Structure formats: C-alpha cells, structure tokens
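Shared between the two complexes below is chain A, which has chain B as its partner in the first and chain C in the second.
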Partner chain A sequence: MKFDSIIIGGGLTGLVAGISLQSKGKKCLIVSAGQSALHFFSGSFELCSAPGDYEDALATLPSSHPYSRMGVARTLELASGVKDFFLSSSIKLSGEDKRNHFRITPMGVLKPAWLTLDGYASVPSDRKMPWKKVLVANVGGFLDFHSDFLMAGLEKEGVECIPYIINIPELDRLRTNPTEMRSTNIARALTGNVLCELASQLSKAGAGCDAILLPAVLGLNDPENANSLKARMDIPVEFVATLPPSVPGIRTQLMLKAHFQSLGGTFLMGDTVNEGVFEGNQLKGIKTVNHADMVFQADNFILATGSFFSRGIKASSTEVFESVFGLDVDYTEERPQWYSPDVFEKQPYMEFGVRTDDKFRVSRDGNVLSNVYAAGSVLSGFNGLKDGCGAGVSILTALDVADRIANGF
Partner chain B sequence: MKQDKGTHYDVIVIGGGITGAGTARDCSMRGLKTLLLERFDFTAGATGRNHGLLHSGARYAVTDQESATECIKENMILRKIASHCVEETDGLFITLPEDDLAFQSTFVASCQKAGIRADVIDPKEAILLEPSVNPDLIGAVRVPDGAVDPFRLTIANVVDARMHGADILTYHEVTNLIKDGDRVVGVELVNTNDGSRCQRYADLVINAGGIWGHKIAAMAGATVNMFPAKGALLIFGHRVNNIVINRCRKPADADILVPGDTISLIGTTSSRVPYDQIDDMKVTPQEVDLLLREGQKLAPSLATTRILRAYAGVRPLVAADNDPSGRSISRGIVCLDHETRDGIPGFITITGGKLMTYRLMAEWATDLACKKLGKNVPCTTAQTCLPGSGEEPKKKASGKTFGISGLGKRAARGRHGTLSSKIENSDKFNSSLVCECEEVSVGEVNYAIKELDTYNLINLRRRTRVGMGTCQGELCACRAAGLLAKASGCAVKAEEDLAKFMNERWKGMYPVAWGETLCEAQFTSWIYEGVCGLDAFHTGKTAK
Partner chain C sequence: MNKEINTSENNFEQCIKCTVCTVYCPVMAVNPDYPGPKQAGPDGERYRLKDPEFFDEALKYCMNCKRCEVACPSNVKIGDIIQKARLQYSSKKPGLREFALSNTDLMGTVATAFAPVVNGTLKLGAVKSVMDVMGIDKHRTFPSYSGEKFVTWFKKHAQASQQQYSRFVTYFHGCYANYNYPKLAKDFVKLLNALGYGVHLMDKEKCCGVALISNGFKKKAMKQAESNLSQIRGAVGAGEAVLATSSTCSFTIRDEYEHILGLDNSDVRDSVMLATRFIFKLIDSGQARLVFRSDFRKRIAYHTPCHMEKLGWSIYSVSLLKMIPGVEFFMLDSQCCGIAGTYGFKKENYPYSQKIGDSLFRQISALSPDVVATDCETCKWQIEMSTGFSVENPISILADALDVEETIKANK
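The block that comes next holds the complex of A and B.
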C-alpha cells in the first residue's frame, strides 16, 4: 500500500500532522498503538510557562529547544493559527494572543496556559478571579477528584467555596464493581434524563453562586452532554480536570481522529510498527505487527511516538534507545546522571529523545535519513513539564514538519 | 515543666520497630503499665527494610548454631501466633555449579543439629516445586523457610499492646533521659510533627531503638558498641517465586530471594556505614548491579523482570563488650542490664537479634523488667495469638446492603486477618478501590485512619500497602490523600503530605529507573506536577 506520508503515532502530534497534511491534499496513514498523552489532558495546551509575553518567554529557552530551532518568529507564526486549526475539527479553544492565562488544576493551583478547551474553568492573565463564590460539586464516591483540594486552592485566591456531593441513583450501578467509579464510566452514565436530574440538583445547590465547578466527567464522544447540561441551567458550569483518564482528552483525540478520517486519512488503531524497509539513507516502507505480510510505502515518514511513557523512547539499565528503528538518540551515558534525587527538581531524562537535524530529520548511525522527520515528545532537547511546553511542542513541530513535507522545504 | 501524675508508667519502651512493639505487648500482657514511644512511624527503621523472610534458621546453621536454634523455635511460634502475617512457603537452598556440593552435607547436618527439618531433594524435583529456580542447579535442600510481613506483624503487636492497656505515642522523639542521680526516671520528648515538648516518667526505661539505640544509651551515659551495617535490597514487580530461594553456601551478598504478597525481594548487600549516614540510606548503582547479577543466579527470569524499587536498611550489629574493635560481631540477642553493667539503674537495652527473634527479645527484656519491678508473671506471648490471627470474632447480624466486594475483602482479610471484620461496610462508598494494584478499598483506608495510628500516606502505605504496588502510587496516592484530607479536615497539609510521598516513592525508584519503571515515573510526574500542579513548594522546600 502506498501513501504520500505515513505517521507513526496517533496522539496529539500525529493527529495534528495528519490533519495538516491531509488538508493539503496529501494521502496519509497514521499507525497508532493506542496510547496518547491526551488521556491525561489537563484541559489546556501550554506553549511556554516562562513569565512575560510569549515573544520574551520563548527567547529565554535554550538553543536545543525545538522552538529555538524553528526560531521564535516561525514558532509564533505557527502558534497564531492553532485556534482555527482546532476549530476545523470542531474543537473550540480559547486563550489570549500575547500571553498566558491560567488554568485551575484539581489541586486548586493556577498554572500558566496557552489555549484552554471550551468549558474548562480558567482565569485571565491578570489573575483576577472571575468569581466571588462558587459551588464545588463532585460525584459522590468519585475518588479521582477531590473537592477539598480544589477548594483549599480557590480559597487561597479569595474565592468562597460551597461543597456539594452529587447523589444520583443511576450512578449506584457503577458501585457494584469496585473499580467502575472512574471518569469514563461516569461520563457514559451522565447522559439523557440523568442530565435533567443533575441540572436540577446543581441549580438548587448552586443558588447564589457565580459559577458551578464540576470534575470534567461529561461528554466522552462529543460536547453534546456538557452543552445540554449548561442549557438547562442559569448558573455557568465550568469544568476542572480529573486524574486520568481525562474524558475531554479522550474526546479531543476522538474528534481529531474523526476529522482526519473525514478528510480521507487512514487510521490504523492498535497496531505497532515493527520494521522499516530502508534503501540507502531513505525509508521506503514499514511493516506492522497486525499486517506482517504487507509493506506500507510512502514518500515521507513522521515519527510521533512520544517519550518514555508513550514508549517512543526506551531505556535499559545501560542505554537509552529509540524504539521503532533504533535511531540516534541524545542522552547522557552515565545512568546516575539521568536523574535528580528530588522528584520535583529538573529530571535530565525528560530531555532525552531522538537527535534531529535543522529540518527535524532523524538519523541512524550518524547518517541523516532524508525522508524521516520527528515531531512532538519524541524529540530531544526540551523539558515539556518544567518549561510548560509539552502540548505546544507537539502541535507546533507537527505543523512545522507537515509544512516542510507539503511544501518541500 | 511539672510532672503530670497521669503520665507515670511502670515501663517506657523506646522504639516503634518490631522489638519495641513486641516488648510493649509483652510488658502490657504481664500487667505492667506501659508507654511505647516512636519518633516517626512504626517500622520506619530496620523492621520495615529487610527481606521479610521467616527464617527457618538454616541460613545460620553452619556458622551460628545458637541463632539457628532460636530461629526455628520462633519460626514455629510465629506460624501459630501470627498466622495472618506469615506465608508458609518453605525454602530451597540450592547449589550451583560454581558452588561446592560438599557443603550440602555439612549444611544438612548442622540444620538437623539445630532442629531444622532439611530434606535433600533432587534438582529436577526442585525445578518442579519452584519453576523460577536456576535450572543449572546441582543440588537442593528443602527447609521450613517462609515469608513474614514485618509491617503487619508490628502493627498486630501494637494493637495487642493497646488492647492490654498500653499507651502509644508515634512521632515523639526522645531528646533526653531524665535522671535522678544515676537512676533513669523518665524521658524528655519532642513531638516531631509540631515541635512541642513534654516529659514522661517510669520506673524503668527500655531502650529498643535498634541502631538508634546507640544514641539513647549514650543519653543515659552508657556505651553500647554498635556497628551500623547497611543492607540493600531490590523489589521486583511481581511474584517471581513462590518458594524462598537461598544459596547453599556460607552466607554472602544477594543470596536470598523471598516472595512477599504481590512481589519478590532480592537481598542483601552488607557494608559498614558511618553513624552520620544511618538516617539517609541511598542505594548505589554498584549495589543495584551486584543484586541483579547475583539474583539472576537464583532465578534467571529476574533479568527480564521489572524492578519496582531499591531500598536499604541498617542492621543494629553489636560488638561483644570485651571487643571494642567490633571484630567479633554477633547477630544474637543482646539484653543489657545497665544497672549491673554500668551502674545506671532504671535502664535496659534490648538489641542485636533479628526480626525472627523479636518475640524472644521481648521476652528477655520483659523478664528482666519484671524481675526489677518485683513482678512475678510468666511470659505468655508464645502461646497467645496476635490480634488478626486465631479465632474469627462472632459476626453481629446486620441488614447492610453494601459490602466490601470480593477483591478488596479478600485482600483486606490477608492484610488484617480476623481484624478485617472491623472494616466498615455500611456505606455505599466504602467498597470502591483506592489502590487497584493492591486492592485496597475506601473502607480499609478509613479503618487504618481510625484505628491504626495513620496520619499520613507513608503510615497508610505501611498499614495497607497503598502505593506499594506496580504503579508505585500513580493514582492511588492522590485518591488516598483525598481521604486523609477529609479525615483530618486539612487539605493543605494533605497536599504537602502527597508531595512528600511522591518524593519518597521516587527515592526508591530512581536507582532502578529504566524500562517500565521509568515510563511510570515520567507518567507520574506529568500527572502530579503537570495536571495537578503539585511542586517543590508543597514539600516545603522553596517559598512560592
């Protein structure tokens, strides 16, 4: 089977690259093993957590950072189109043009955010809290969200909080199995008539509040249930992230995937690339576990397999390696240098990833592969967690690489 | 500070390890008014940092007959009185091609002399019994080793001491001993949580502080010649073996593989460490490599098994009084009467020994205490079951509709024995699992908070295994922190505790952070620091 481009990895990076290429008329295949960082989505994409306007913030990043390698101007140019890009997949994001606003974490901490998914609670860049008094509601017995932590954080910011426990008989069915009371199962139950009951409970309990904050457990497939709840209420309802799995994260992935497919893209779910067919310094095709007898051919390839937790990069006790093709990796050889003893300090291993040239092309045994690009968390040279740029690097390097492939530069 | 009349005891026991807990149990069972003190949490020292091996004594049979004999006696007693803490797995002593097979007959003869059953079996039979064992073995001996959960065992002793009237104070550190002339009459304490100070008085103070007992003896003006010996171990992500595997040779590094609950443990190394390091044990890459290399000789599959964490404990080895150099070190029990030894009445030290012989250590210390206090009550700890073992309490009829589900209930029964009947099941929220790896329910967490001196996540881990499983606290830590916040009414404190807990988990993970362990570590960082926004500020290290 022959494609224009094959993308390995169906997470945020792979889908953005796929949609971008497919909209430019390129025939794409995405091979996805099924895991994605979107499954523990915070509700917001971050660009860079350094203080100040983006232009100044981006300039503070080290030269190894993918943004620095693209250049600040190019990075910001790509960033300016992201809202519309997601809107084309019916995903509504909001954020300020020049600087970070804040998302509210489940612990009630304000963290810098670039673009926040529609419906999530957020605070503008001046940190002025949008409410004086809120109802903090949780589903009774749901352990992956704790109102107490959120309330403690909000109270520090001067917001008065009223706790409320949602008690809906339909959810008791979930309690018969001790592991069922999780976000995705609740999302499946909170639909149809149950939403009426929920709206009536919340309206009553939230009377006199400026907003109602809810764990993000509505709408696994589309935003319909969340919108339907909001439509039934006079008080604004806003969501706060839960522990994984993230219902809106899964929804975002599904919607991006649906958009990619509607553009004519092919998505192989639950399959893993296990072999490359190389010719000189070019990759000609790949083989997968589920289609062992078939070679998927393409002109270009994008590696979007993620970092350690997505298994794009792996470590043994003696070395760090790229998991699909054994590509060249940037890492420190001595294992004791991989870590910092304090978990909250900068961890050097977080910056390990594949080595790429100035066009994000990967190399093998020191030789650049002229048609294989890498994008997102699999790249080396940045710490997505500490620099607050994980999603930004995923989206922007995906767009950059897609642009290079489509326009041949 | 004035002495409060209500705080005078017959005995004060210092140290919340297994020795202190066992001594407090024995003292209170013999009718002594007892106070047990622990500066942090129960099992925070060597008790919680060993193999959890229910020694048959075979390991010591050739080199130390006395220890071997003590071990097999206590082994048989613990199977009876602490059945819910013990797994009767048996053990194999295997001979590998690089070992001397002639040692086997010496070993078997020594075992028999010490009263330890030791059956020579065919290597092929050994492989059938324990498929994970190195198939190259040339000899095998089967002995009555087992596994014992030191956390459970200690808590059972604490619970029993309390049931017999003992008072218990965790997070109280002895800062000084109060003396009247030469006699020790009490202790000065600092609350290690809030810094407040108080005093407690007793006719007799028993020092059961393990390696830290050296410092406590010094407060009394006595010298106990101790030698801190570090032992490092690795925990594997699943239960590799069902029978304890040892090497049939003189005791050496990394030659015991013990199954325990859901995991297996390989250990240990042995190295002297200076005193100023005993509160901060780090496992070095060299130790990890050695443990892995030697461990694979016992069970080759360890090479491809995920390592959950690495940790190290400090053995309180004691030099004989006539040997200040420490060359003649014994692992036997040392019970010092400081009145006759140093002219310091009112003070006893119980040390040396092993997890296996804690009950006997407690018996010796309590015998001496009774003698000094003029009490003539015999020891009954060898015949009396610990709470959790023994007869199931009669259940009251109840019309409750929600119960702890099969999974959580069975796991809780394993952890708390018959005491698991005290776990609340009246609330429909209680059956939810907080920790899926170890099947810990909300009800069990709440039981630990209410009944088992649980104030933070580390306490909870030691009581229930929350955060001990393959995910090392990935999601369960946050769930449990929420329940602790609810119970204490202080979310801010619970968040700080959560941050500290994540750091404590990382401390054991980073020496072995590759493969799946590194994946989990990165994921956990993204959840807690990324999604939740927990950071160094919460550990109290940096100002915001």
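The block that comes next holds the complex of A and C.
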C-alpha cells in the first residue's frame, strides 16, 4: 500500500504533521500504538517557561534545543500560525501576542502558558487576577479534582473562594464504583436535562461571585455541552484542569483525528511498527504487527513516537535506544549521569532522544537517512518538563518537518 | 526491539495506571456495575494472583470487544487478562441459556432441518416467553435459519466446478454463513472464482468457538479449536490461505486460540485471514483485477466491528468498497454497536447493549445510506434490528457490483 508520507505516532505531533501534510495534498498514513499523551492534556500548550515576553527567552535556549536548531525567527514564524492551524480543526485557542499568559494547575499554581483552550480559566500576562470572588465547584465523590489545593492557591493570589459540592441524582449511579468515578464518565452523564439542573444549582450557589470555576468534565466529544451550560448562566463559567484522563485532551485528540481523516488521511489505531524496509540510506516502507507481510510504502517518513512515556525511547540497564528502528540516540554513556538524585532537579535523561541533522533527519549507525524525519518529544536536546516547552516542540517541529517535506527544502 | 523485558505474556506489569483504557470501554460508559478494564484487568489481576477469592463476578459484563487493548499505550493485553480470569476463577456454572446460545453447530443443524417451523416459532409470543424465562431478551429476534445449509448447496452445485482452477483457497465459512445466510458464502465463491481461485472447504469445520469462550465452556472450545487447527494445518500445508468472511471468526482463530485457550497456532496464524485482506493484497500487488458493473450505484456507510478494530483490518474492506466506481462512501465512527455476539441476547445486558449502540444508530439514521457495510454478522443483526437499515458484508457488496464476465477475463 502506497502513501506519500507515513507518520509513526498518532499523538499531538503526529496529528499536527498529518493534518499539515494532508491539507497540502499529500496522502498520509498515521500508525499509532495506542492512545496518546493528549489524554493528560492540561488545557494549555506551553512554548517556554518565561513569564510574559517569550521572544528574548527563546534566544537564550541552548544550541541543542529544537527551537535554536530551527532558529528563533523560524520558531516565531511557525508559532504565529498555530492558533489558525487549530481553528481549522474547530479547536479554539486563546493567547497573547508574543507573551505568555498563565494557566492554573489542578494544584492551584500559576504556570506560564502560550495558548489555552477556549473556556479554560487563565490569568493574563500581567498576573492580575481576573476575579475577586469565585465559586469553586466540585462534583461530589469525584476523586480527580482537589478543590482545597486550588482554593489555597487562588487565595494566595488574593481571590476569595467559596467551595461548593455539586450533587445531582444522575451522578449518584456513577458512585457505585468509586474508583471508576472518572472525568470521562462524569462528562458522559453531564448532558441534556442534567445540564439544566447543574445550571440552576450553580447559578444559585454562585450568586455574587465573579466567576464559577468547574473541573474540566464537560464535553467529551465536542464543546457543545460546555457551551450549552454557559448559555444557561449569567455568571461566567470557567474550567480548571483535572487529574487524568483529561476530557478536553481527549476531545482535542478526537477533533484532530477527525479533521485528519476528513482530509483523506488514514489512521491505524492500536498497531505497532515492527520493521523497516531499507534501501541504502533510504527507508522504503514499514511493516506492522497487525499487517504482517503488507509493506506500507512512502516517499517520506516522520518519527513522532514520543519519549520514554510513550515508549518511543527506551532504556535498558546499559543503554538508551530508539524503539522502532534502533536509530542513533543522543545520551550520556554512564548510567549514573542519566539522572539527578533529587527528583525535583532537572533530570538529564529527559533530554535524551534521537540524534538528527539540521533538517531533523534521523541517522542509523552514523548514516543520515535521507527521507526519515523526527519531530516532537522523541527529539533530543530539550527538557519539556523543566523548560515548559513540550507542546511547543511537538507542534512547531511537526509543522517544520511537514513544511520541509511538502516544499522539498 | 518490541519485546518487553521481564513481563508476563499479557504484559500486565507494563500497566502504568494511566486510565486511558477506561475512556474507551463501551460498557463502563453505560453500566456502573462493571468495574472497568483497568480495575477488572491489570489492577484486579494483582489481587487475584495473591488469592482467587478476589475474583469479582461483575467481570461478566466485559463484552470482550478489546477496545481497551487498542487504546492501551503500554501494550497491555487487558481484554485477555479479563477473559482468562473469567474462565479460570468464575464459580458461576454456565446454564441452559449459555448452552443454547453458544452451541451454534448443534442448534444450527437442528434448526436448519426444521427451518420453516423454527423460523415461525422463534417469532411466536409463547416461544419468546420461554426464552424470556431462560434469560434471553424478548426484544431480540433470532436470525432466521436457511432451509439448506451452505455446505449442502456447495456440495450439490459448486464443488465439481472448482476443479477447473489451478489456484485454491480454503473457505472458513463460519456458522452464520452456513446455517443462516448462505448468500454470503455463495457471494464469496462467486468472487473468488471470478478472481481465478477455486474454493475448498475443510472436511469438518467446527464453530470457531467464540461464543463457547465467552459463555464459559472452555473445554468444548479447546476441542473445537484443536479440531479446526488440525484442519487448517492441512489446508495451509497444501499451500492454501484460509479465508473467512467474519471478522470475529478470523480474530478468534488468530488471537483467542493462542491468548485465551493457550493453543500454539503460530505455524498457521499468518495464513488465516479475512477474505477482504486476501483480495486487497492480490489487487495491490497487481496479481488480480476487479472489474465492476458500470450501472452499480450505492451510498454505503461502513461500520467497524470491534474485532475488526482489534485486527486493524478495516482498511482492506474499506479500500475495496471504495474501488467500486458507483459507490458514495461514508466511514462511520469506530465504536461498538452493543451486541457483542451472544452478550446482547441476554436479558440483563439488553438495555445496556442498546445504550452502547445508540450514537452509532443515530449516526446511521442521519446519514440514511442505501446499505451499511460491516464484516461481522452479529453487528448486522444489531444494526438491522435497531435502525431498520439493511446491512451487508463487503464481500456481498463486491459480488453484487462485480462484472463477472469481465473480471474472469481480466484474471485469466
């Protein structure tokens, strides 16, 4: 079976690359070994950890960082198109021009954020809190949202918080299995008439508040239920991230995938690439577990398999390796240097990843593969957690590589 | 490179408790009595390994759709863990209902002989009441039985003419095509013959055993599986691929025989496949060509059965359907239709079964296609009963759209 491009990995990076290529008329296949890290999405994409202006901060990143390797100008140019890119998949993001705003973590801490999903509570770059008094509502029995932490955090910022527990009979049935009272199950129950009941409870309890903060448990498949609740209320309702699974993350994944498929892309879910068919320094095709002897051929390939968490990069007791093709990996040889004993310190292993040339092309046994690119977390040279740049690297390197493939540079 | 180090066969140690599987479980979404794949699978397994007393009979609510496995980012065989636990630890002995629902060959043979009577009585109120007492939901209509089994027809009308071909495939027709809907099997023969392949049947094909496995009859399932494997080995030894038209039969023989029943099928697994994969590969590699009628027009919506999703093979059926020039094609969202074989026939599961399929039924009704295409017979029953739209196997649609004469010429 022949495609123009094959993308290995169906998370944020793979889908952004796939949509970008497919909308440029390239026939794409995405192979995904299970669901992605978008299921842990905070509701905000991060570009870097600088509070406020980020343009200067990007210039101070080490030369190994994917942004530095693309160049600050190119990074900013790509970044400027991201809002519109997501809007083409009906995903509305908001953010300030060249300045980070702040997202609110489930622990009530403010963290710099680049673009935030529509409907999420956020704080502008001047850190001026948008509310004096809020109702912090939680669903009774829901274990993945801890309003006490959130309230403590907000009160530190000078916001008066009123706690409220939502009790709706339709949700009681879910409590049969306390361990399974999860965001996604609540999202499925909060629909139709239940939304009317929720709106009336919140309106009453939130009287006199500037806003109502709700755990992000509305709208699993589309933003309709969230919008419908807001339309019923006079007080603004804003969402705060829960612990996983992330309802807005799943919605984002579903909408990106649906857009990719509506453009004509092919998505294989739950399949694993287990062999590459190489000819010299070119990859000609791949084989997968489900399709055995069927070779999926393409002109170009993008490796978007993620890092350790998504199993794109693996470690044994002696080495760090790339899991699909055994590609060259950047890492320090001595195992004691892989990690720092203080868990809160910057961990060196977070920067391990595949070695790429100036066009993000990968190499094997020291030889660059001329038609295989890498993008996103599988790349080496950055610490997505500490530098707050995981989503930025995923989205921007995916766009960069897709652009290179489509326009041949 | 993909082999995990120090793990059980089902990889349960690899579970990182990410909860992704719980998002895609169709049962959990509608029935809070089911503990969900994470709890029922890898989490519960840790307890059960310590003490079988921890087994929870609520695991019976698992439909074995394997959508948890498709979603799992850590390659944990969640569905397998649950099915094996049910067979190993459940103290509930299967009853008359389970026997009747899962012994498809016995029921099929008897019913075919008395087809007009059986088809009539299965619709009678009195019979439905008896079924109701047995615990089979009264809303369900059993698929009607054909007066002549496919195998009988084949021997009478088709077997002799197969000798003219020089290449052969073996057809695993399954219970449904044999007892209930021989048209599908006849369409398969028509299509393969047009492509220049003769069709062989196995001497003694037995039900693949999927219903026996899900209803707790492990020993009987093992016996049938061993018999089928030995027959399949014969066919594969003669150089023939073994093709099925049911995604569940294919999946059961390829995966469940090994993962659930512990039988080694590695020597023949790659040769057992869905007919659409076989045909697509022939066309993709330039070894065969399909020529279609120019007057064929249909709006077709494809539904991905759960076991098809697990196999990952809908791409073959879909690609073939899209090759028909007069087809306007729609891909339905991949989700469970709710029936899961015998699961949805059980009275206690019926309401959940319908709730699971609800959004699919609504999507189909909104699209209003001429026909829904799917590779699974029980999905067909469920969708036809719940939407009123007719459902056909892609093989039947291809056979219907085929210009037989031209295809024969093209593959001479």
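Following the convention adopted for this analysis, the second predicted complex is superposed on the first by the 407 of 409 C-alpha atoms of A that agree within 3 Å, B and C clash if a C-alpha of one lies under 4 Å from a C-alpha of the other, contacts with A are read in each partner's own complex, and residues count from 1 in each chain.
Criterion: a contact is a pair of C-beta atoms (placed from the backbone, for glycine too) under 8 Å apart; a residue touches a chain by one contact, two chains touch by 3 or more.
Since this is a predicted model, take the numbers as computed values, not measurements.
Using the contact criterion defined above for the overlaid structures, shared-chain residue A:255 touches neither chain B nor chain C, since it reaches no partner. In the superposed pair of complexes, A:185 makes contact with chain C only, with no contact to chain B. Once the two complexes are overlaid on the shared chain, A:244 sits against chain B and chain C alike. When the two complexes are overlaid on their common chain A, residue A:342 makes contact with chain B while staying clear of chain C.
Shared-chain residue A:271: touches chain C; no touch with chain B. When the two structures are aligned on the shared chain, A:177 is found in touch with chain B and with chain C.
When the two complexes are overlaid on their common chain A, residue A:198 makes contact with neither chain B nor chain C. Contacts of A:316 after superposition on the shared chain: both chain B and chain C are touched. Legend: residue contacts after superposition of the two complexes on their common chain; A:151 is shown touching chain B, with no touch to chain C. Across the two superposed structures, the residue set of chain A contacted by chain B and also by chain C is 40, 175-177, 179, 244, 311, 316. On chain C, the positions that touch chain A within their shared complex are 1-2, 5, 18-20, 22-24, 28-29, 32-36, 39, 69-75, 270, 281, 284, 309-313, 315, 319, 331, 334.
Chain A makes touch with chain B in their complex at residues 37, 40-42, 105-107, 109-111, 140-141, 143-144, 146, 148-149, 151-152, 172, 175-179, 181, 241, 243-244, 307-309, 311, 314-317, 335-336, 338-339, 341-345, 347, 349-350, 385, 390.
Those residues of chain B that touch chain A in the complex are listed here as 282, 285, 288-289, 292, 402, 404-405, 407-408, 428-429, 431-434, 436, 441-442, 475, 478-479, 481-483, 485-486, 491-492, 494-495, 499, 502-503, 505-507, 510, 513-515, 518-520, 522-523, 525-527, 529-536, 539, 541. Against chain C, the residues of chain A that register as touching in their complex are 1, 33-36, 39-40, 173-177, 179-180, 182, 184-185, 188, 244-245, 250, 261, 266, 268-272, 274, 288-294, 310-311, 316, 321, 323-324, 326.
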